[in-house]
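Shared chain: subunit A. Partners: subunit B in the first complex, subunit C in the second.
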Partner chain A sequence: MILYTLRRLGAMALILLAICAITFSVFYLLPDDPALDACGKTCSPERLADVRHAMGLDQPVVAQFAAYVTGIFTGRTLGTTGLECAAPCLGYSWQYTTPVWDLLLDRLGASASLAAGAAALWLVAGVAMGVVAAVRKGTLLDRGIVLSALTMTSVPVYLIAALLIYFVILRSELLPYPDYQPLLEDPAAWAGALVLPWITLAALYAAMYIRLTRASMIETMAEPYIRTARAKGLPERTVVVKHGLRSTVTPILTIFGIDLGGLLAGAMITETMFGLPGLGKLTFDAIGKSDQPVVLGVTLLAAFFITFANLAVDLLYGVIDPRVRYT
Partner chain B sequence: MILQVSDLSVSFGGVQVVDGLSFSVERGRTLGIVGESGSGKSVSSLAVMGLHRTASVSGSVLFDGEELVGAPAERLRRLRGNRMAMIFQDPLSSLHPFYTVGEQIAEAYRLHRRTSRREARARAVEMLAEVGIPSPRERAGEHPHRFSGGMRQRVMIAMALACEPDLLIADEPTTALDVTVQAQILELIKRIQAERGLAVIMITHDLGVVARVADDVLVMYGGRSVEESPVRPLFKLPRHPYTRGLLASIPGSGRDAEGDGDGGRLRAIPGQPPSPPAFPPGCRFHPRCPLATDVCTSERPLLLGEERRVACHLEGATR
Partner chain C sequence: MRRSAGLLAAALVTLTACGTKAEVVTGGENGKGGTLTVLATSDFSHLDPARNWTMREMMFGSRLLYRTLTTYKAGSSEIVPDLATDLGTSSDGGKTWTFTLKDGLKYEDGTPIKAADVKHNVERSMAPDITGGPDYAKNLLVGGTEYKGPYDGEHLDSIETPDDKTIVFKLKRPAGEFSYTVTLPTFSPVPEAKDTKVEYDNRPFSSGPYKIEKYERGKELVLTRNEHWDATSDPVRLALPDKIHVKQGQDGDTITDRLIAGSGDDANAIGWLHVGQQSLSKILPNPQAKERLVTMVTGCTDWISFNTPKKPFDDPKVRQAVYHALDKEAIQTAFGGPNMAEIATAYLPPTMTGGAKQDVYAIPPAGDVEKAKALLAEAGVALPLKVKMTTTTTSNTTETAIQESLKKVGIEVELNPVDGAVFNDHSGDLAKADEMSVHGWCPDYPNGSSFLPPILDGRNVMPTGNSGNTAFFKDGEVDKKIDEIYTIEDPAASNKAWQELDSAVMRKLPMAPIAWAKRSFLFGKNVTGVANHPVWAAQPDYATIGVKKSS
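Now for the complex of A and B:
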């Protein structure tokens, strides 16, 4: 188990390094010249060379990459600008002139709040509706649930978000326009700003969980051990929940780990639509401004969350399924 | 008479799978129900247990004097696992992979007897010991995948018998097991039956199993009973051509469907068993019967006789 975990952590480090390298090369290959952006419109070639030198962009790409990776662990000084960047250093945002790491930390709260609330919503609603649809398979209720799930997956997020903003905020004024505050500072504003984004994301994801749960439950309920449970005289509710749903946890958890990991690094469209100061909004703005260190940082953070969630899920299998043993 | 079934019919969406089946079992006795797959033997037993959720069941199932056909689902649920229990063919997939065997045995006991967790747990260990599982206390805490096939079936038996039912329905309990293990499981069922005076219905396609455990035999073909008899006379002199065919297909039996044994040649019954939507008219066995006459193709033979009952037009004509 410990050996397995260590091996997986090693693999995780390699994956992250590879993702880092790929993202780094993509930016290097882009025609965009960050030095030109930093230098401004009236930039003489000499001045441009100076800026490029100051930003460390005149170094060979391999040296730049090495400096970047080392910086994550040891911190570094950027080029000749004298800008100190403490470990974990993901570079400086060209847009804000602050360390990328600080920006990420600053924005993580909103994204994590959004992800956690939405996840709780869609998990409960999605699994519950999936179970009901499976148990009532073939009935009108089942068809209704499946149809609405299909509809929800087909509708783009921005449309759901726009409709919610229009009807709930603008038309009926049930909620004020979102003004996000950290949970610990102003819980009411926090919740008020997050309700609609939660619903938006949950609607999107719940559809998938309905279909997954339904399919998985239909399969499980046909298993001989379900017949055994009924032959024991267990009430149908016990048969469905204790014996049926218990077996469905594994596939749900697998998807859930990946979804939650990905969402922690920000839901770009939802955050942008609702003006939430999260990682998704940060990324959206950074892409618009060619703020490559920020995009690189968010990409790495997302990759970290996803690989970490995967590892956590794989380790949880051992707790959930007694047949799983790690070697 | 703990179980008396009369004129039981089961159909799924208009397709009749079991047609007018009658049988009874007494305490301490074993009824063997024999037939090929699709003959309706498992369907009938599931109908007795009320485990068919989509089937329409007619006729009468009297369990200890109580009518079960048309009884409320809740009433049937309280009987299941409590006064009548069932074990199945594949003991691995019939056990929940995520719960320990102790939990699975204790579950029904706790539910029906309303005992504490601790008592139910003790009962599970006791039952594991009774079905011959070594170090039952430790084994109770293990999951099904840690048990061998035979041990799993012992667990199933322990689970079925925890509440001391009056009736045990065993649906092909040894089919998935090695031959030596089969014998052990059958001996175990016989032993517990003798100790408790349990009524057993043994559903099987294997006449060897019937010969070993049954007191009475019911042979099913195409959803109907074709022959019913105490076990010894049946093996000595099978009367229905299908029963003869079944016996002839046992290696070394030295019989064939015409009844004139030709020195131990193995004979298979030609053709395939019919499936419910396409049951042939008249005697359902006639397309495969070597002795079929015109009347067999059109008229349904009645199940006639006293101690032994046979549904064949040739009965009386040839004897």
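Now for the complex of A and C:
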């Protein structure tokens, strides 16, 4: 088990390094010149050369990459004025004149709040409705659930967000415009700003989880051991929850790990539309302003969360399902 | 200031139909008090005065956070002394400029503002790490081009501060317009002790009516009163609200909807960005929202640049034929209609000519096809004439309208779409540029020297990287005239001379002006004193904005 975990952590580090290298070279190949963007509206060739040197862009790409990776562990000094970027230095945002790591930490709270709340909602609602639909297979209730799930998956997330904003905030004034505050500073404002984004994301994901749970559950409920459980005279509730759902949950957990990992690095459209200061909004602005260090940093963070969630889920399997326990 | 290809813009001081409210409606005592909320989609580009070179941020910074040697009157392109006691005195034929600071000026911590602090900020604007700011100081000051900033202990000898109140600038060429140049944030004070170099952008030290209480980049900026700012020394800034809260990271459409509804705190809010074409169609039919809208042309001009060294546009007759064939009404529609742009008839926008729209040719707005055909025949051009026009892969509505116009006279325009990121590289490259491309220019201050030389001076044409003179226009007479006008020290006389040069060059027509874009801003019902500023791209002037107590 320990050896397995270590091996997986090693693989994770390699994956992250590869993603870092690929993203880095993609930015290097783009026609956009960060030095020219920073330089100002008119920029003489001499001034441009100075700026490029100050930003470290006059170095060969391999040297730049090496400095970047080293900086993650040891920190760096940037520019010609001795600008400090402490470890873990994921580069420096010239746009925000702030180390990328500080920006990511600052924005993580809103994204994590959004992801956690939405995940709880969609996991509970999605799995519950999926189980109900599977157990009541073929009934009007089942068809209703399946149809609404299909509808929700087909609606783009920005439409859900726009409709919620229009009806809940603008028309009926049930809620004020979101004004996000950190949970510890103002819990009421925190929840108020997040309710609609939670619903938006949960609606999108729950639909997928309903379909997944239903299909998996129908399959499980046809297994011989379910028939045995029923023959033993167990209450139907115990049969469904303890015997049926438990084996259904494994594939759902796998997907859940990846979904949650991805969301922790920001939900770009939802955050942008509701004005949440999360990683998704940070990325959206960074792309618009060609702030490549930030885009690179968010990409790495997202990759970290996804690979880490994957590992966590794999380790959890053993707890849930004794058949896949590692020895 | 170069205009990027995707953005289309222009100018004029019409404070008309859309209800500009220039008078300040009083709320509390003298209209003072309250919190003004500014709703923005994203962070400022730069607030560091040495790096601030976008119209919106220049307005915001120099109205609220720092004072410059001279500045503009509220809602006007007329300049008045700000830190200085007068508009500066020149000697040595306009090559030496001396300013004296007013008595008793203080920073937010009560320490005195010294002439050396203005020198320090000008110097730091030339450091390689302090990017993005105006390059006028670098280009005008003796030794500026070679200077690399004060951080390695070197100082610029062409700025002298013989005492704490006096600052002297030594320039490379006579600059009659220098009183305007020193309105730029480059010419505001930054004390060396408070200079955090690159990170100064996160927390500029205030010499203006407000200081930064909190700035979380991309999230919010909170300004509170600077108690050490002396209102009696300041001819322009009213500093009405007690607090200014800029909320960044809001969705653009949501901002417009909030301002239209204007409920609760949104009645005290103003939009940071201008409203788009689609939002305008929501606002204009709504009388209670429409009266809270101010509109003005931006002060920028958009035009078609002809590749003048290359056939067929080396012949002015062919350029004039194209100009006569243009259906400018169709082009205006491509810009979003009369609410979004006016038809341009000269290079200098009306904001720089006291409102006059110069028009050398007086062609009907929909074009003069017969005259165009006659000019083509006169030039002996074989029809159909095939030319290429650079456009971007993302936006080509203007170019398509131009293409349609020219088809009528037998000119076949092939659009050449390139990635937006390389548009300027491509069209500014003497060897690669196509025959036509759409460009524009916004002046940095309302004097022809900030507009015509960057786009017309043939001595600026380089093999690559041309971003101003995109027609590669070289004309010895024009260059000579530019040098003559530089020496005129009276601003009114020099502006008149620039207008005459504009008309003279229009006859040669290296570029064909097409549009002066407009901008509209929406504000809540308690917000008072909102008026577009003609210099800062029609941005509402924050010097006079206040908040009325809600009734």
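For this structure, a couple of remarks:
One rule holds in what follows: the second predicted complex is superposed on the first by the 322 of 327 C-alpha atoms of A that agree within 3 Å, B and C clash if a C-alpha of one lies under 4 Å from a C-alpha of the other, contacts with A are read in each partner's own complex, and residues count from 1 in each chain.
Methods note: a residue touches a chain if its C-beta (ideal position, glycine included) is under 8 Å from a C-beta of that chain, and two chains touch if they have at least 3 such contacts.
None of these values were measured; they are calculated from a predicted model.
For the composite obtained by superposing both complexes on subunit A, the positions of subunit B and subunit C are free of clash and fit together. Looking at the shared chain after the overlay, A:Tyr28 reaches neither subunit B nor subunit C. Contact with subunit B, but none with subunit C, is seen for A:Ile320 once the two complexes are overlaid on the shared chain.
In the superposition on chain A, A:Lys41 contacts subunit C only, with no contact to subunit B.
Of the two partner chains placed by the overlay, only subunit C lies in contact with A:Asp285; subunit B stays clear of it. In the superposition on chain A, A:Thr272 makes contact with subunit C only, not with subunit B. If you count the residues of subunit A touched by subunit B and by subunit C, you find the higher number for C.
By the document's definition of touching, of the two partners only subunit C reaches A:Leu170; subunit B does not.
For the pair subunit B and subunit C, the minimum alpha-carbon spacing after aligning on chain A is 49 Å.
No residue of subunit A lies at the contact with subunit B in one complex and also at the contact with subunit C in the other.
Note for the complex: subunit B touches subunit A at residues 49, 51, 77-82, 85-86, 88, 90, 93-100, 107-108, 111-112, 143, 145, 156, 159-160.
Subunit A meets subunit C in the complex at residues 30-32, 38-47, 50-51, 53-54, 79-81, 83, 94-98, 106, 165, 170, 173, 176-177, 179, 272-277, 281-282, 285, 288-290. For subunit C in complex with subunit A, the residues that touch the partner chain are 1-2, 42-43, 53, 127-129, 131-135, 138, 145, 148, 151, 197-199, 201-202, 216-219, 247, 249-251, 254, 257-258, 261, 263-264, 266, 419, 421-422, 425, 454, 462, 465, 467-468. Across the interface of their complex, subunit B is touched by residues 223-225, 227-235, 243, 246-247, 320-323 of subunit A.
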